[in-house]
Amino acid sequence: MAFEFSQKVLFKHCDPAGIVFYPRYFEMLNDCVEAFFDEVLDMPFETLHATGGVPTAEITTRFHRPSRHGDRLLITLCVTRVGRSSAGLSFVATAGAETRLTARSTLVLVAADGRSRPWPEAVKQKLLDREEARSHAT
Amino acid sequence: MAFEFSQKVLFKHCDPAGIVFYPRYFEMLNDCVEAFFDEVLDMPFETLHATGGVPTAEITTRFHRPSRHGDRLLITLCVTRVGRSSAGLSFVATAGAETRLTARSTLVLVAADGRSRPWPEAVKQKLLDREEARSHAT
Amino acid sequence: MAFEFSQKVLFKHCDPAGIVFYPRYFEMLNDCVEAFFDEVLDMPFETLHATGGVPTAEITTRFHRPSRHGDRLLITLCVTRVGRSSAGLSFVATAGAETRLTARSTLVLVAADGRSRPWPEAVKQKLLDREEARSHAT
Amino acid sequence: MAFEFSQKVLFKHCDPAGIVFYPRYFEMLNDCVEAFFDEVLDMPFETLHATGGVPTAEITTRFHRPSRHGDRLLITLCVTRVGRSSAGLSFVATAGAETRLTARSTLVLVAADGRSRPWPEAVKQKLLDREEARSHAT
């Protein structure tokens, strides 16, 4: 039930040391979350952002090993917690058997005025299904 | 003894919600670290990267409040820990009296082969001076 | 015989006006060229950059109409000219029937020392095949 | 009367070849235009974007020589043409005596609905003053 997102490491991601410039990883994680909201939650960002957004409130990231140009990353997103208007997510990015990055973040659903607002019921249910699936898998 | 770095929020930093796109904050933090290495440690990245680098091993970030286009951010960097080849840093970004972001990171000095290597003595001393200054201020 | 590259307009591409921030278009064009070198010329950037590169020497771009978050762009790349160590490319980005961007660029193959070097014969032939195909189609 | 904008080449700007990744040059040009609107035209982007914007309609760029990490670029912006709601700009980026980039662009002032609108009289006058100054200097 984990959501998987593939990302080849491209020229634009890499720094003079030939490895991913770490702010670019956060663009990848954001792309992964955007795909998750579109494909799983049926709440595409392009629609959502007409009336608010889901800013990241906090994110903790560990860069286990560097990624190089041409590496094929697989980013796995799991739902770790579902609140009234927030969600906890975890990410693992691997290249083959090697873990490159792990992260945990909290997102908050906000209205156009920036105030938190509750998840729509259908979305919350999908988040809970994911969270449940994950708990059972553990 | 804290190192201060000013950054106006520019058009390029902002997303369709009119606030800083969070991966852009990490570019700002990287710019701040680059300026600190240049101006304080006398170890400019453009020289350092000929023989290695200082990749970020982990970073924990909390986005307290959104920053808007035109805001004038002040990023304060402190040295929280000095290891043989690593350093702990803390960051606070404020706009006026308001805290926008706090972060803690660990950097590691590496050689061209990606292996950690000890801080040059003069650099280590400057890091320790900063760390000491900070402890006394507390 | 044109090379096609799909790119959904993502959150990260868009500015506070809700449209693609134009420097991001150049990242898309670069991704398109990177895919062309990988898939068509069999000269992936991650290999090529071990011994040189293909910097862009010039690029002329017209932004016909803005692109919005969620738009599905199709970028079409054609080879317009093949030199000893350079190539002329043209790009058209459309969303449905609407043209959003047209561009023409010149790339130059360079060695690690930055000097131009001739296309490998097999690559040159593929570029010429593309150029020929294009001339016949016109 | 030319507008000058300084930009050190930072780590974030550079690619695995150790030179500026060309889409990053467009961020620099955009920052330069943003500073010009703020400091010279007294029309800061953060205010302007509440009611529209100044999208780039076209830009032609030539990359004369690569720029490396640590280079200190000076970007010179000139006004080459002033229309009812558009302006032609030219850019030259140098590092010391060496020209790195030249570009010419057209900007269009638009309202929130994306339609072009005439320059406010005070802004137009400042643009014309710049254009005139440039013509006399030639």
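List of remarks:
For clarity, chains are labelled A, B, C and D in written order, and residue numbers in each chain start from 1.
Keep this in mind: contacts are C-beta pairs under 8 Å (C-beta built on N, C-alpha and C of every residue); 3 or more make two chains touch, one makes a residue touch a chain.
These numbers come from a predicted model, not from an experiment.
Set against the C-alpha centre of subunit D, every other chain centre is closer than that of A.
Where the sister copies subunit C and subunit D meet, the same residue numbers recur on both sides for over half of the interface positions. Each chain gets one centre point, the mean of its Cα atoms, and the points for subunit B and subunit D are 29 Å apart. One inter-chain figure worth recording: subunit A and subunit B are separated by 24 Å, centre to centre, where each centre is the mean of the chain's CA atoms. Contacts with at least two other chains are made by residues 11-12, 16-18, 21, 23, 27, 30, 49, 69 of subunit C.
Of all the residues in subunit B, the ones that touch subunit A in their complex are 16-17, 19, 21-24, 26-27, 30, 49, 53, 55-63, 66, 114. Put simply, subunit B touches subunit C in their complex at residues 11-12, 14-18, 21, 23, 69.
Interface of subunit C with subunit A (complex): residues 9-12, 18, 27, 30-31, 34, 44-47, 49, 68-70.
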